[in-house]
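Each remark here refers to the structure printed beneath this line.
For clarity, chains are labelled A, B, C and D in written order, and residue numbers in each chain start from 1.
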């Protein structure tokens, strides 16, 4: 078949994503077949996980191509319901090459607790420097929390507004989990790990010394 | 020997259950030789773990067949004390093909805390959609909590009443752990992971913001 | 050399203990070269870990024989400081064949919190049945907590009194960790896992609903 | 090329550090490419990790030599920003042969909570004996907490003052993580594990019984 994207690139990205998802699944960040993962193929296509598979046991057959409207390309399979959110980021930001969406315990609990405030602020952590563009722990970093919705267009419009407002490398959705991305798959992984770590610290401050944690409202 | 069930099916299900239990044991959900696991063989038989084995190191010799009264079939071994609860589900619901019973820390603590209320309510979690029949995070999901008993007939009668009341894919027993099941072994695993995840989130809400968690009474 | 114990038995027990300690170390229950492990060789000897080794990387050279005064037998190596506590159990209870001493986070924190009360009570847990002699979750199980001491004779005398008082399959030492034992190495492992699990549940009750947990005083 | 240090020693230490970092990364103590690790080569040089690599997947190419001003030696690569802190310890203390700097959740949260007090006190833990020079759990052990700074000279000067004041095998930096060291790589690992363990216990005391924990101010 004549594919509208490079089959070699597709195969290579698939291998990269299999390795990444296996690692994230082993940490328990993709429970119950949740989560989805993608990499940019070119100016119009990305490779993404097929909906509903166990992320700890992915094979090349569990990946498919989508266009930047989130529609399947040259595939009978169904992409993740959230494919549109991935596609949207690739369309809007040419420098983004990898998008990771996970569902860890920490991400989910934090999203529930900070949904009212609409954001989590991180202050005084050395690991803030792991997020692109931050060169000192003195910086303050904000992770937005969006209300959950089964309507992906609504979510996409909200992300649109956030992207307009300044540098953004991730967001939480209430009750749902984290999106993180990067210019490379390594950077996307680093951002994902850093947000997870920082959220885990904030939750522990809430358990021990709530007045030290990012405010809940 | 002329077996009343298909030996090939038995062997295949045994391999499937060994793989599943190894994974669950590695997560610490089967402490101290607890927990039991089964798959349907046909309209009258299921394969189930033999009582008292280390679930991280099962071999085919650690499985046996039971009928739907929970009695050993063509085996000298003793099935788990809870075999009747597995059998009961297979008898009552022809669509059920796999039943998983685990004893994780989270399941046990949640069962203790919510025994008084008799149920845990989950609201606002995307992962509610991982439970069959739920298509939106806006749905509310209820997991019943039964009082513990050493009399399996009593427990089975209580489950009977729950099954009559509507769709049901799992329950907790006080101080004891979780039963989860599915139409396939994959679905049973997905349900088990989803309940564990949701219970873990609720326990953390209880630690941090108890007014946000499912009510304890 | 003419050994006063069976060399084959020594070699076999060493392999068993290497497998057990590797598993326990992987769970983080033996931090910073802590913990020690033994199995009975005969009526007068046991094999035990040499002092100060990384329990995740033991080889046969990290084991030695002791007599039931806790003294090295046919070895220039130094047994663990707590060798006397192991020896004491083998001497007093001919049915004991394996003693495991670990230092998990949960064991240590619980030992600190319950040292004042001198014991932890477990009620209403199905896993109480994992401890030999308990056939129902309705039973109440008590795990003693001894004050810590660098004088092993003092500790041994306190254990003596506990052994006189009734069935006993483990105890905590304040700030120090857990001793658990069994008639076989499998039973010792099951007892260790069960105590760890039950202590973990009690600590979580203390975090969430302290009035439900074993009393601190 | 004629190297000012022994290439064989460099290669050997690199292998040792790869094994150590793989283990620490697997525990999640090096999130988002953070953390750095070194071993002394001689009176003037040490081998250290190159900046910004994933510590779970290091190869020999991810290591380089520095002098005791923290400058690269015979390498075009950039050492970690914190290289000066490693170098400083090797210069000041000839007996130090390995320095490990990690970023675990526990270390980071503890550093935030105890930054105001400037130190964590550990009392009554058997594991205090894992830190060189402590022979009884009755001893009291203090771990200093330094304010974070992007200026390594400032941090180095603060460490200088601490080293003058008495035996010291580690310190925390606020929001940043732990430095631990030893006369051998084994001792450095043991110290790192012991501090992590003790900090984890103190955080749990803060969650459950704050009046029992090291004071926050």
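In this text, a residue touches a chain if its C-beta (ideal position, glycine included) is under 8 Å from a C-beta of that chain, and two chains touch if they have at least 3 such contacts.
This one's a predicted model, so the numbers in the text were calculated from it and none came from an experiment.
Summary of the copy comparison: rotating chain A onto chain D for the best CA superposition needs 90 degrees, to the nearest 5. Averaging C-alpha coordinates per chain places the centre of chain C 32 Å away from that of chain D. Centroids of chain B and chain D (each the mean of its C-alpha atoms) stand 45 Å apart.
Contact of a single residue of chain A with at least two other chains is seen at positions 207. Taken pairwise by the contact criterion, the protein chains form one closed cycle in which every chain touches exactly two others.
Considering their complex, residues 28, 31-34, 54, 103, 105, 108-109, 112-113, 148, 150, 173-177, 203, 206-207, 216 of chain C touch chain D. Remark: chain D residues 27, 124-127, 130, 135-138, 186, 189-191, 193-194, 196-197, 200-201, 204-205, 207-209, 212 touch chain C in the complex.
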